[in-house]
Amino acid sequence: MRDQVDQLATITVLGVLEQAYFALQVIYARRKYKISPPETTGHPEFERIFRAQANCSEYFPIFISLLWIAGIFFHQGVTVACGLLYLYTRLKYFQGYAVAAQGRLGPMYASALLLWLLLGLAMAGLLAHFLQPLSST
Amino acid sequence: MRDQVDQLATITVLGVLEQAYFALQVIYARRKYKISPPETTGHPEFERIFRAQANCSEYFPIFISLLWIAGIFFHQGVTVACGLLYLYTRLKYFQGYAVAAQGRLGPMYASALLLWLLLGLAMAGLLAHFLQPLSST
Amino acid sequence: MRDQVDQLATITVLGVLEQAYFALQVIYARRKYKISPPETTGHPEFERIFRAQANCSEYFPIFISLLWIAGIFFHQGVTVACGLLYLYTRLKYFQGYAVAAQGRLGPMYASALLLWLLLGLAMAGLLAHFLQPLSST
């Protein structure tokens, strides 16, 4: 079982590390602008960093779900390549959003495209799996 | 391994598609009421749609966790039926909440009931699994 | 397959129960302070409870991801012990935050430490897995 998911698990761990990096940036921004929890507003830069982190957190379980289904039912290597690109676009999204709201747009579209691609791979893999018994008879 | 989880993976992909639909509705509402990120307030309808999406996103990993554990340890077919109903109640919740805060209540209770049902199936499946070695000796 | 993940599944179900408890506390706080959805502000205690729940929800998929990878690639029993401790620190975090913002700090550091530990176990497990073919030749 492990060989079929070892690369997916590695990308998942990388994704967790990225989320940890985002969470730390929110903590640094809280200190910089003296915005204590439970406050979530107070300075435009903090609000952008806070929203960037919230958005990445929201998409994390969706990304992980598609990654594992595409990796198990389509192809682990192809999926992992898409996963790496997705994590890179999320980093660019976060860094762009931290500077200006407009800075998030390019990487946001790229990350959405990669999620749709992973969704397509997952659906193709599932379709091939469900049609297999029919074609083998 | 794939045969034991293929239907769970299909429901998960459906759940991701539903989340994508919710995310698009937030984007449309942002455009309609000219509420640019990182803003999350500004018009009651936008705020309801934003909260509806946030709530569905929050419950997504909980739903997926219970779906897979109930499906693997209890029964895939029964679990998938509950999962489909859950996704339907979440759609009704989102659409009801978009119209009025009261409109979310009925589907919210139904979705909570289905989560408790999935939790019950998961616990029953795990219990049966852990008791199996005792009864076979 | 089930024997390799049965304890991880049990901890996951416990984690879901904990999230259900947190969600109920938010509902009770909404009633107590008469703060109706989609409102998320209005009273300091409600805002702390709301943020505590939001924070725990945000970390739930990260915790589950690390739990399963550490459990599958490192060791199920050790991982489950860390998982139990993590859920306990999260309970203390929530209860502390509900009383005062300062009350969340101790358990927050403890929960972060346990997540880094799970991350370390996951990475150690993956490393051992990937190096195995080299050492066996």
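So that you can tell them apart, the chains are marked A, B and C in the order they are listed, and the count of residues begins at 1 in each.
Here, a contact is a pair of C-beta atoms (placed from the backbone, for glycine too) under 8 Å apart; a residue touches a chain by one contact, two chains touch by 3 or more.
Since the structure is predicted, the reported quantities are computational estimates derived from the model, not experimental observations.
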*Once you've mapped the touching chain pairs, tell me: line, ring, star, complete or other?*
complete
_Since chain B and chain C are copies of the same chain sequence, what is the angle of the rotation superposing the Cα atoms of one on the other, rounded to the nearest 5°?_
120
*Cα centroid separation between chain A and chain C, in whole Å?*
19
*For chain C, which residues are shared contacts with two or more other chains?*
1, 61
*Please name which positions on chain A make contact with chain B in the complex.*
1, 4, 44, 47-48, 50-52, 58, 61-62, 65-66, 69, 72-73, 97, 101, 104, 115, 119, 122-123, 126, 129-130
*Mind listing the chain A positions that touch chain C in their complex?*
1-2, 5-6, 9-10, 12-13, 15-17, 19-20, 36-38, 40, 54, 57, 60-61, 64
